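Please read the structure below before turning to the comments.
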Amino acid sequence: MADLRGPDIQPAFIGIPTFAHAPFALTQEELRSLKPDVAIIGAPVDMGVVNRPGARFGPRAIRQAGYAGSPNDRFYHMGLDVYPMRELKVVDFGDANCPPSSLEQSHEAIRVKVMQALHTGALPIVLGGDHSITLPSATAVAQHHGYGKVGMVHFDAHADTGLSGYGGVLISHANPMRRLLESGAIPGKNFVQIGLRGYWPERELFEWMQNQGMRWHLMSEIETRGFEVVLEQAISEALDGPEVVYLSVDIDVLDPAFAPGTGTPEPGGLTSSQLLGAIRRIVASVELVGADIVEVSPPYDGPGAITAEVANRVGLEIISALAKKAKDASSP
Amino acid sequence: MADLRGPDIQPAFIGIPTFAHAPFALTQEELRSLKPDVAIIGAPVDMGVVNRPGARFGPRAIRQAGYAGSPNDRFYHMGLDVYPMRELKVVDFGDANCPPSSLEQSHEAIRVKVMQALHTGALPIVLGGDHSITLPSATAVAQHHGYGKVGMVHFDAHADTGLSGYGGVLISHANPMRRLLESGAIPGKNFVQIGLRGYWPERELFEWMQNQGMRWHLMSEIETRGFEVVLEQAISEALDGPEVVYLSVDIDVLDPAFAPGTGTPEPGGLTSSQLLGAIRRIVASVELVGADIVEVSPPYDGPGAITAEVANRVGLEIISALAKKAKDASSP
Amino acid sequence: MADLRGPDIQPAFIGIPTFAHAPFALTQEELRSLKPDVAIIGAPVDMGVVNRPGARFGPRAIRQAGYAGSPNDRFYHMGLDVYPMRELKVVDFGDANCPPSSLEQSHEAIRVKVMQALHTGALPIVLGGDHSITLPSATAVAQHHGYGKVGMVHFDAHADTGLSGYGGVLISHANPMRRLLESGAIPGKNFVQIGLRGYWPERELFEWMQNQGMRWHLMSEIETRGFEVVLEQAISEALDGPEVVYLSVDIDVLDPAFAPGTGTPEPGGLTSSQLLGAIRRIVASVELVGADIVEVSPPYDGPGAITAEVANRVGLEIISALAKKAKDASSP
Amino acid sequence: MADLRGPDIQPAFIGIPTFAHAPFALTQEELRSLKPDVAIIGAPVDMGVVNRPGARFGPRAIRQAGYAGSPNDRFYHMGLDVYPMRELKVVDFGDANCPPSSLEQSHEAIRVKVMQALHTGALPIVLGGDHSITLPSATAVAQHHGYGKVGMVHFDAHADTGLSGYGGVLISHANPMRRLLESGAIPGKNFVQIGLRGYWPERELFEWMQNQGMRWHLMSEIETRGFEVVLEQAISEALDGPEVVYLSVDIDVLDPAFAPGTGTPEPGGLTSSQLLGAIRRIVASVELVGADIVEVSPPYDGPGAITAEVANRVGLEIISALAKKAKDASSP
Amino acid sequence: MADLRGPDIQPAFIGIPTFAHAPFALTQEELRSLKPDVAIIGAPVDMGVVNRPGARFGPRAIRQAGYAGSPNDRFYHMGLDVYPMRELKVVDFGDANCPPSSLEQSHEAIRVKVMQALHTGALPIVLGGDHSITLPSATAVAQHHGYGKVGMVHFDAHADTGLSGYGGVLISHANPMRRLLESGAIPGKNFVQIGLRGYWPERELFEWMQNQGMRWHLMSEIETRGFEVVLEQAISEALDGPEVVYLSVDIDVLDPAFAPGTGTPEPGGLTSSQLLGAIRRIVASVELVGADIVEVSPPYDGPGAITAEVANRVGLEIISALAKKAKDASSP
Amino acid sequence: MADLRGPDIQPAFIGIPTFAHAPFALTQEELRSLKPDVAIIGAPVDMGVVNRPGARFGPRAIRQAGYAGSPNDRFYHMGLDVYPMRELKVVDFGDANCPPSSLEQSHEAIRVKVMQALHTGALPIVLGGDHSITLPSATAVAQHHGYGKVGMVHFDAHADTGLSGYGGVLISHANPMRRLLESGAIPGKNFVQIGLRGYWPERELFEWMQNQGMRWHLMSEIETRGFEVVLEQAISEALDGPEVVYLSVDIDVLDPAFAPGTGTPEPGGLTSSQLLGAIRRIVASVELVGADIVEVSPPYDGPGAITAEVANRVGLEIISALAKKAKDASSP
């Protein structure tokens, strides 16, 4: 019982750093043969950032976070009373091959990689990278599950619905949600955004969003009405229309105290506890078909690496909540 | 709409780093010609600190925080539904020339610079620098608006009312409030302090403060009674007597999690969200005539620079709340 | 009044860095001659950590935190209205001599040092070091006050009740509570744990803990029921059985935002304000006979050193709460 | 004499951070009216990096380095016995407007900005930014001084002559020298490279370089033959053909000990002293018409910011050596 | 030619971080099947350090250093004119499983892992970890090649020949060379040490070393006689007796400017250029049968990670020099 | 032999952090009773810096550097073959009490403390603090040994002979040498400066220095003539006139690669090896009566703390060279 003796038991800092010490698959065939429930995919891209770069190192940092060792079948979510890795087969499918000077090629590589995972039956969880990677990732999910049928629950300080970035560039981390809407992958009314604050976007963009049927919840609303109330409404909105849901977590939805290692920090955000709790409730309430965790920039994270740690736990919390559902479903 | 094309549109990291990409004025004449509503003034001083120095680099760091680019007429405060820079003309008036080994000359340079701004009709927002700079800054405001007529709303972990600093020095970051009271610039009963905690000052100093009529609110009071209740009382106290109000925000009123880059951190403070909300309410309730944001020490801030970020937002929040009032006032 | 003039008054960064500028004792005789109420002991050990080391430098960092100078008789806890160092004689008894490659010798040195302090009548507060040091420290307290008679109130993200660490090692920072239970020093039902969360330990360990009569409170319980309610229950549990109480504070009970400088950070923890308030209430309610503050790892703390700061305040808060009791007891 | 009294004398950390406290020009007209000898131009670009980004913040960091205050007419190069800013009019012409997601637009903005400077008669010194910016910068110089007539003296750990970057991208920081050669801006035999080492490029690329007539000097040659000998040869090669010379200094030509803050560090490089001395000699020997200093990445520079400091001095050394020539030329 | 197009070509920050993008083997069978010439083995241990820990993270950091991407058959050592990975099959054999609280088990795991590599015919290069790991690593090599037959060329600031560490502990990073000598694995006269300096060990230990026939070269000798002369002598000493040589490189042989990220830095050491050159010459002159690179402590390395970079290049330089020999041997 | 067993043997990170684990004296009486040969004095002052502050934390950082434990009678300088602490009684006399806002009081406290040490017969070694502290320290030495009789050997990037600092302030870290000259404590011809470089002071100041008879050696001279030759000349100059010598080492004489943690770094400086060797030779050649080591600024030093390390070794090197002389003198 809880005896860490034996040649196969390793502390966290030893061995190949996959996400949560999951087994890895180098090819789609390997992935398929492992019969995955969840596939972790790295999207090491930061060409889309308008301020502080570094998110290309996000996937490695998120994988190396955490302190529990392998094998991971002992990971136990005490709040949910579930062993996530016993309920679900989680496999680390490695990184999409993102050439650092071509956002287009990078996005196509991500889209293909996510699609490969989906074809094996796995639910993809993509580790960014900047938020532009939600465009190829959610596009793949929509291609798989049906254009217009996927909802987007989106935690972020920013709406990411800009018409264009600097220079009129259409693809950056300020635009993915607009591109997804425009392409028809995700209709406007399927968007629910939580945690917006600060000084961007501007009013006319909110008006455009409203015209598209998008829904959003500012931090000021959360402060006034309470997080519980707003979260409940957000969940009911997420269930209003979409058949399945994609969850996109920009780590800057957290207050910079909890996530300093990011490109465009905005004071006044959620706490880690709020975010993790919200993820638990959302995953319990909707049918999740894909997720991403983006905008972790290790060069700005400080020696404690707390942003990578909380991003790691966001991934684990998604998996744990999925596992809880699986466990409950399989119980008589 | 939200298209960042064009030669005049620049990302945040390009160009001269003024506060929030405001236009700058090198001289009082230039400032006056811009018809400023608000003037930003740097007070790069840290000779007054008793522990960790570095606040001399505060003004530069606060100016370089933020991720939105220029021009700043697109900055939109979504919580207040206002474009602050469209409502108000904000100009960066540069730094007071503070010789690093003479606190006296530095203070006089600050006082003169603030007075110059006041004479153009601008409301000064001073970026520290250590808290000693409130002495010259608020003195200038009192000289302009009338000795005894200005109130002081003061966010801080410390009361800053010491008789003297180490060695009997009268001017340090532990004494500005006392000097302002002694000079008559701000009478005791015009002081309202919020966020005090920790182990300084001592009881006899609180007794002296009480004898002067000063009012204050400990963090322990906030924890017991709730921030809303205390804030409401503080606002009514701020309106009890003074005709106009000066707002001094020592960034260490925040818990060190939210503001690690400061000289004398004290655990157990406010969150960023609480502080920004309080500023909005105070500015909405009183007639503000000057403000400062002090004790940001970049060498202690870590790579994420989150202290500079939140200090930047404190400045923007003041301006936004002023803009909201201006907008509401100009609406029919 | 509050005049820091004079040759004996020094700022915080000057002189020998004892805890809170307390006088120091190099030997037990010196300690005894000072008639101590509280003895501070450093336990610079980190061989027990399973992930990020560095806690061996914890005692020095905690001692060097804080910004108030010496002498410390002016330290005034404004929330409790008490001068802690006037009510209690606090002495820094230096470090146990811990050879860096022998956890066994280190533990024995700590046990002996704590015992020496206890024999002078002082209440020991031990500065870790990793959490393994609670084994020798609490053992000494139990030896002094009676096996089975001491309760353990334990703030932590982790239960630290593992059967063994990696390689089957029995002594690590994952096991001290189990060893204390097994040795009979502290019976199972005398344990109250607060703040547990994350993915370790596993369910069977919780079942074992339950069988031993241990009590614990997950963060998820705190989020659901409220901290006040849980804390009240924890205090009543701490009073249920034990005659006296040992308080062990693993700094990772705090959210990583508040304590990044630690070896095994776990997002979703307490705030500094919650922890300090809880300590005040617990010390007020029970009869404290020993304490430790562990798992501060300076290399991971960032330039602001906020983890060392809050650990320093945990120590001061314990002393202040003790002083408050002493003051109240001596008042007519 | 050396009395820093007076309102116009400011320490380094005060005021607008131009390069070496030079006056600035916001437009070409302002620049022209200042009759500049040298124009400093920022090229804040890092989309071209294949590993660690961050060079977009290079121009700001290089400008903020240095500790001497303004006005800069007191800067005195003691080794050359010259007041550089008295001999030459140096103006900071600000940054090219580089949209962070479009390398093409960024390059065009840089090319135009450099051309504007050249048209005023100024010698441009461009502060990168990654090494891709040498393509537009040197192209502008070649457009101004004549295709094929400009030589390139190039300090670097890497040859930067790759056919393409990852994904077949033609424009990255691994290719500028090849693109310049291909376009005819700078013929192969006009290239002299100094400091190459490590594991890239490969042999076939060196063979291609040789076929183009390019000349280069490995660090291993410098170690064997001595820096003095190699430098002398490099200078004679630089004079062999080209009428005028462009100097490109990739800061990673320095050993990482001297320049840790860069994207692709390669151990075994030059010392700062060697580089500064070489620049003095080269500028004295050739007719310089343009220069750049690239690959300073502040997020990787550490708190001491020594990479920004040495890059700043590279710029000052170029200017000082030019000033020395001007002074000598004007002496009877 | 040098075109990085194609799905199999990846930048350095993508994919599983093996040493120099080498293929990896998880088991001895996999390793054997790859017919390795060189096997990279991680030894993530730091229980042996007497001062600053963190070397347990050394293997990961060394593997993640470097900026060239995969596949690694394009790595070209321009100074030696060799493609190392084309001449030699280098395989990353992963980490020995080192329980963080048991130096004994860790050492045995390392010894067995190195032996496994040797049995496949591979030359092991071990990435530390602290210097205690040379004990199991070189012991395995001596077991394989014959006790008494292996020589030790040892770069270090310290002799590492202490009788015992603190507390009388026999196994720490201060003792491996003595233990190897005592066990007979490596006789005294087979030791050649280069780079010793500072204040440890003491004279009597040098006398003991002399009595054992050990040879060493202080930095002061290098400064007086010149590095070339001393190196030549060291090589002839290394050839005097042993049939084969094990090379142990403690990164603290470098001056702290070149290797700040280490546990016991000692100013006044070698430059990176000197060390890399010496390695080239030694490997060319002796028959190498094993090597280690130790004492890289990432938490002390700063954001530029220059210590990990140079340690990575030490490994590559060993491989390149071996490859050069292989290439020369196979040339007609 | 080299067995670190026993209760009195401690690793470096344990116990009160005195310089090199020397015994400490809190009062002059305690110091006198220890019959000191050398007294270490901290001068924690940084009000005199014109750029980056932080040197007030220099004494603590220098004391905590080094990795060898206590007792220090085993420290052995292998290059000089001497046990410094066996030859000389070194005592840590603590810090002068420097109020952080009064440079005048701080200087007087330093002067008195150094004088107290001198009166016990000890040679003072003062740990700064910024370079302004040389004024009180060397003044005390001149008062003790005779005005005009003391020579000054001064390692620095800057001459520190400015007429005044910013604002006309006479006492800053840019002026101590001038003030010493003006007061008559040290005549102009008794100054020898080594390592000057960069852009300050200006030519007229060098002319003034020449008129005073001062001697100096630029880095450019060292690069041209060789360090050995220049050092020999400097020593002969130091012996030309003065009877006894004060040695002032500004750590910025080192290249920033070797000393990043300083306030006014200047690229192109000495290596650590050069500086330590020069100190050995100077101390061997002159009669040393006092020394200081200044301008270590820990906030700018990075996690490796290499600047504090080399400053620590400068102190140890001075003591070792003194010990070598004492040993040689006492040998028959």
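Assorted remarks:
Chains: A, B, C, D, E and F, in written order; residue numbering restarts at 1 for each.
Here is the rule we use: contacts are C-beta pairs under 8 Å (C-beta built on N, C-alpha and C of every residue); 3 or more make two chains touch, one makes a residue touch a chain.
Computed from a predicted structure; not experimentally measured.
The set of chains in contact with chain A as well as chain F comprises B, C, D, E. Among the remaining chains, those touching chain D as well as chain E are A, F. Chain D and chain F have Cα centroids separated by 37 Å.
Put simply, the C-alpha centre of chain C and that of chain F have 40 angstrom between them. Centroid to centroid, with C-alpha atoms defining each point, chain B and chain E lie 55 Å apart.
The set of chain B residues that touch two or more partner chains comprises 4, 9-11, 13, 50-52, 56-57, 99-100, 165-168, 255, 257-258, 299-300, 302-303. Remark: the chains found to touch one another pair up as A-B, A-C, A-D, A-E, B-C, B-D, B-F, C-E, C-F, D-E, D-F, E-F.
Residue ranges of chain B in contact with chain F, taken from their complex: 46-54, 56-57, 99-103, 105-106, 165-169, 171-172, 299-300. Residues 4, 7, 9-11, 13-17, 24, 42, 44, 56-57, 60, 64, 94-95, 97-100, 299, 303 of chain C are the ones that touch chain F when the two sit in their complex. For chain F in complex with chain E, the residues that touch the partner chain are 1-5, 9-13, 67-69, 74-79, 81, 83, 255, 257-258, 271-273, 276-277, 302-306, 309-310, 313, 316. Residue ranges of chain B in contact with chain C, taken from their complex: 50-52, 161-168, 196-206, 208, 218-220, 223, 255-258, 260-269, 299-302.
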